[in-house]
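Each of the two complexes below includes chain A, the first together with chain B, the second together with chain C.
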Partner chain A sequence: MATLDELMRLPAAMAAFEFRGSGELLDQRIAYPERINETTLDLLAHMCAANMSIATMQARGWEKVTAMKGFYPIQEFTLVGFDWSVVVSGFRREQLKNEDKTSLPPLMGVVLGNEKADYEAAFAVLEGQEPIP
Partner chain B sequence: MSIVTDLLAKPGVVAAGEYAYRGDRFSYRGALTEEHARMASIMCRATTMGVNMEGKMLEVFQPRSGLQPPRGWVVHGADYTVCVMANVFCMLDNARASINDIVGFMRQTMANAPSDLI
Partner chain C sequence: MSMIRRILALDGVNVICHFRDDGYLLEGYGLMGRDDMVRLAQFAHDYRRMIQGNADQLAMFTGMRGWTPPHGWVVRGAVQSVCGVGNLVCIVEGADAPMNEILLELREISHW
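After this line comes the complex of A and B, so read on.
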């Protein structure tokens, strides 16, 4: 599982954070506090939790209606803002649910500057597939 | 060529389309039925309106944080990804598509899209 410090080593990382499924911010690393501070990150975490839930509902409904598979469960939700993007992942939690684990880790997210953002690298790190070089 | 045509020419793009922010029209090309494309456009529009509301809220809370106006969003599933920038959506096959390339192309192409959601 990725750590916040690993996420901060992604290209253009501005902040990394852990949050509950209900949105509360649990821990964070912030590189540019003049742009994103702890209270901003708390609102952002709540937004991300809400968007993950809505996307999960939509993916579930889409698969039922269309019989297309491969959308649910949502692995990552990314909000692309004007200057930066935030990527959040529930991948590890879904893996643990499939293993019948009842104690689940928090959700994790990273804020990346758009110009150098590598979304696929962020997905891979959040999913614990590869370490940061 | 339109952005939808350009997107469909890229590897791994299953379908792409556009929707009106006011919700009364959509168009699409690719491997979806008309009814499924209609549903996809409605879901994409709803999420776009939601993230724009969230961006405005964050802007009031912390002006010039860099989120507002949101450009789009991406939902990444195990096999498929949905990318939306402004009022354009596309569905990607993860095994064949580059999400970085598609997001970069859409961001660049839609850079001057109006953000007033009209």
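After this line comes the complex of A and C, so read on.
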């Protein structure tokens, strides 16, 4: 499972955070406190939790109406803003749900500067595929 | 040939659709029937508006600049992902798809 410190080693990482499925911020690392603070991360986490839920509803609906598969469960949500992006993941939680675990870890996210953002690397770290050197 | 078709040349991209500002499908290519492309265009249009609203509210509540207007979004599922940039949306299959390149191409083509 990715750690906040691993996420902070991604290119252009501004902040990394953990949050509940209901959106409350649990822990964070901030590289540039003059640009982004804990209050902003808390709102961002709530926005991302809402989007994960909405995307889950859409994935289930889409699979039912089209008979296409592979959208559910939602693993990551990414918002590419004007200058910043946020990538959040529930990948590890979904894995544990499949194993019938009832105690689930928090969701994790990272805020990236768009100019040097590497979304593939962010997905890889959030999914625990590879450590950042 | 429509320029948006070139997105289909990228690994993993199975469907690309271009829609009007009201969600009407203008053109779509790839492994999907016309009815589902119409649905995908309407979905992406709605999702784009929702993301725009989220980014606007985040900026308003926090005072942090740099979120709005948003460029795009990605929803990544177990096998399939959906990416939207501007009035374009595509469906991408596989965890190893070159998402950085796909987002760059979508952004470039969305400006045409």
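Simple rule for what comes next: the second predicted complex is superposed on the first by the 133 of 133 C-alpha atoms of A that agree within 3 Å, B and C clash if a C-alpha of one lies under 4 Å from a C-alpha of the other, contacts with A are read in each partner's own complex, and residues count from 1 in each chain.
Everything below uses one rule, namely that a residue touches a chain if its C-beta (ideal position, glycine included) is under 8 Å from a C-beta of that chain, and two chains touch if they have at least 3 such contacts.
Since this is a predicted model, take the numbers as computed values, not measurements.
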Original post:
Would chain B and chain C fit next to each other on chain A once aligned, or clash?
Top reply: clash
**OP:** Using the touch definition from the top, say if A:Ser103 reaches chain B (first), chain C (second), both or neither.
**Re:** neither
Original post:
In the superposed arrangement, which partner chain does A:Leu44 touch: chain B (first), chain C (second), both, or neither?
Top reply: both
Original post:
Hey, what residues of chain A end up touching chain B and chain C alike?
Top reply: 35-36, 39-40, 43-44, 47, 50-51, 54-55, 58-59, 62, 65-66, 68-84, 114, 118-120, 123
Subject >> Contact footprint of chain C on chain A as seen in their complex >> reply: 35-36, 39-40, 43-44, 47, 50-51, 54-55, 58-59, 62, 65-66, 68-84, 94, 114, 118-120, 123, 127
**OP:** Could you please specify the touching residues of chain C with respect to chain A in the complex?
**Re:** 36, 39, 43, 47, 50-51, 54-55, 57-58, 61-62, 64-80, 82, 85, 93, 95, 98-100, 103
Subject >> chain A partner contacts - residues on chain B that touch it in the complex >> reply: 36, 39-40, 43, 47, 50-51, 54-55, 57-58, 61-62, 65-80, 82, 85, 94, 98-100, 103, 107
**OP:** Please give the residue numbers of chain A that touch chain B in the complex, ascending.
**Re:** 35-37, 39-40, 43-44, 47, 50-51, 54-55, 58-59, 62, 65-66, 68-84, 114, 118-120, 123
